[in-house]
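In what comes next, subunit A is part of two complexes: it sits with subunit B in the first one and with subunit C in the second one.
And now, the complex of A and B:
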């Protein structure tokens, strides 16, 4: 085994890698925002919608959670064009990530909603609140607080999982790395550095999310230790 | 010239499903061994062991599986000058991946055992190894079953990315069939259904076990 590491060549291509990482971040935050909004709607419908809607939402959640993200991507990017729905790889990646994240986030939010004490909801009813008002004024904040740590981990999984969209050639960090390594034949160096970039992004995201939790939910409140795990 | 998606193509997919299952099982068994070592190291009294196990878990959980797979497959091949087969590469990568996640799940289960159990075991008096083996692990095992089954689902789905380096399991087989039939609207949904048929029963089992164990331990019931 006689291999000379050459990380210099990685430095020469750093701008491309950073560009890829930037798209990874944009995709992750975009999918988080879209997926989260969708998940709030779905979680509401799952708890309070008419029965067929509830079942449909439940089916969607189970379908997303029990099939691979890669296959979901293939359906969006390769199957849908047969129905005349055509889109760019990056768009398909964003949609796929959002729909996938929404499936997991719906389930997480639902567990948070279930954890809100029933008497509070009954109190809302007796005040004459509608279901939507109860959801907005009583449930959401408490549920978010309960599920925040789980959502935060799910976000990190979303970001790391985004590397899979390289398979439909959306030019994020993994795809860029693939291209660079195949033209320079420096596979180890490029994958090593790209993996390090993912690690930094994951740790960074975790730290930022932790800080947000502290500011929003814990500052000035008695210690609860929801993160103690 | 293309041909339609037919019975033979479906059988080809089923044959490939077998490799998805085999790969998942190998990674699960190998990962269990590694995970057990990691979980014990993570809860040991020695700082160095805790640190090393923690660093390994953090590294694996903080980076994409796909990158880990690439490093093993392309990285090592380039470094050693030997082209590695997809088989050993994917089994190694997924075993390392499973070990980290199972190690973390089981650490949680071990730490969920009340302190008094350790104290009682120490009072008996059992050696630290015997405390772990006879008192803590049997109890932790029960708590760990539902999340472990849940992780198995994650692992099975995760093996789909082995297709990216050309390992022929279910997803790769689907791509191959699409390449000859040009019917992605039929083939990929079938692939999804096959994964679903494999994963959903496991997910349901995990949920049911969770309810049963919560009830046994007197933890809040699901409504």
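And now, the complex of A and C:
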């Protein structure tokens, strides 16, 4: 079938696409920050909390990791209002993405925590460190260094998975692309450009994460980490 | 060790080739054929008759035009119309499930031969598809909770109005809404309805039939129609160039209009009598 490509139409709508991409970036980094902080807390509680707390955290992680992200979003955006909790689509998207990311990040951090050599933790105990102090001074840095590549991959998955929030009307890149292609009927051109934009964002994010790794974990550190060259 | 590795490699290779072949030759859901026939080649109607199968889009989240019945099977007035078309053609029907924004793209990409999913006839759509004569009519309304004061377009200002992408309401409501209206877009009609029921939007634009079905199923939400935005006729659509199929559809609408079949299907699902349909 002869198809005349009309990328000029995409160029006319570039500001809207860039606005959508900007929201994608804000949602992704925001959810990463919130989810990461939550994951560190949960990972600590999972390892060092009282039994009911450990079970609760485990339950939360399994719930988030074994249900579809779209369903989680629908519950936050469509079902919570029935209980009186109403929020904007963008807020619901941020909360959904943060909670979802925290579920996966907790598991990733847990494996990093387990990888810290036990003798170091025993040394901490024998020096009179509290559990929180052991976590803060001995475990966190080494655990993060070990699992950083996994966390970085999870971040890229988070950013690409942000396209799902279009379903609850958050106007990020995929939502904007859907709207534009449905009004101009230029599906191929718009989806092609959107794919390119996601690619650039994901590769850019990876580069930024690499730089952060180098600054935090390698520069001035004697031991080698997971991404050491 | 080397022989075992070669054996594993050979088996995986064979499995891969088998999987690829299976995936490209047959699928449970309609996939693109080897390529939609070139326009003007007069091929589509002949191909449908030769293959004894016609693929039609089915939007199942758009009551009463397309729904899933209690056995999770597609039903609704447009599905019934598609079944009638297949029956009159004497071929098997294959339904291609789509959401509202996918109706025309699925047709243009060759995943379906005809789009029968309450596609209202508009200038913009007519630039990309060819419409058959209309076989139904609908009206778009703004619906919302009874306690929201919305008498006309001007009252939309400052409110959150839910719309579905790639529908007639998306094409008409934003043009008539004043500055300061917050338009919220969803990917399918079910999500828009859910937003209205859960109060995430103050009001939503949809067909009067859809609004009625939401109000009936959610009495606690206290929904009512605020005002009518526009009325339209909807029709089947085919790819540009499929004139043979278009001519068959013209004849098909003519015959089924005169024998009352179209009116019967319409009345059964919408509970409203079909108006006089103009000829396209």
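Methods note: the second predicted complex is superposed on the first by the 219 of 229 C-alpha atoms of A that agree within 3 Å, B and C clash if a C-alpha of one lies under 4 Å from a C-alpha of the other, contacts with A are read in each partner's own complex, and residues count from 1 in each chain.
Just so it is clear, a residue touches a chain if its C-beta (ideal position, glycine included) is under 8 Å from a C-beta of that chain, and two chains touch if they have at least 3 such contacts.
These figures come from a predicted structure and were not determined experimentally.
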Note to self: Using the superposition on subunit A, tell me whether subunit B and subunit C clash or fit.
What the structure shows: clash
Next item on the list: Please indicate which partner A:126 is in contact with in the superposed arrangement: first for subunit B, second for subunit C, both, or neither.
Entry: neither
Check: Of the partners subunit B and subunit C, which touch A:66 in the superposed model: first, second, both, neither?
Finding: first
Check: Of the partners subunit B and subunit C, which touch A:89 in the superposed model: first, second, both, neither?
Finding: second
Margin query: Going by the contact rule set out at the top, does A:183 touch subunit B (first), subunit C (second), both, or neither?
Written below: second
Notebook entry, point to check: Looking at the overlay, does A:171 come into contact with subunit B only (first), subunit C only (second), both, or neither?
Noted result: second
Next item on the list: Mind telling me which of the two, subunit B or subunit C, contacts the most residues of subunit A?
Entry: B
Notebook entry, point to check: Looking at subunit B, which part out of 81-89, 99-107 or 207-215 clashes with subunit C after superposition?
Noted result: 81-89
Next item on the list: Using the superposition described at the top, list the residues of subunit A that contact subunit B and also contact subunit C.
Entry: 1-2, 74, 78-79, 81-82, 166-167, 178, 181, 185, 187
Next item on the list: Report the residues of subunit A in contact with subunit C in the complex, numbered from low to high.
Entry: 1-2, 74, 77-79, 81-82, 86, 89, 166-169, 171, 175, 178-179, 181-183, 185, 187
Notebook entry, point to check: For subunit C, which residues are in contact with subunit A within the complex?
Noted result: 35-39, 100-101, 104-105, 108-110, 124-125, 127-128, 162, 165-166, 170-171, 184-187, 191, 194-195, 198-200, 239
Check: In their shared complex, at which residues does subunit B touch subunit A?
Finding: 59, 62-68, 70-71, 74-81, 108, 153, 157-158, 160-161, 163-164, 171, 174-175, 178, 183-185, 188-189, 191-192, 195-196, 199-200, 203, 222-223
Next item on the list: Please name which positions on subunit A make contact with subunit B in the complex.
Entry: 1-3, 62-63, 65-72, 74-75, 78-83, 114, 156, 160-164, 166-167, 174, 177-178, 181, 185-188, 191-192, 194-195, 198-199, 202-203, 229
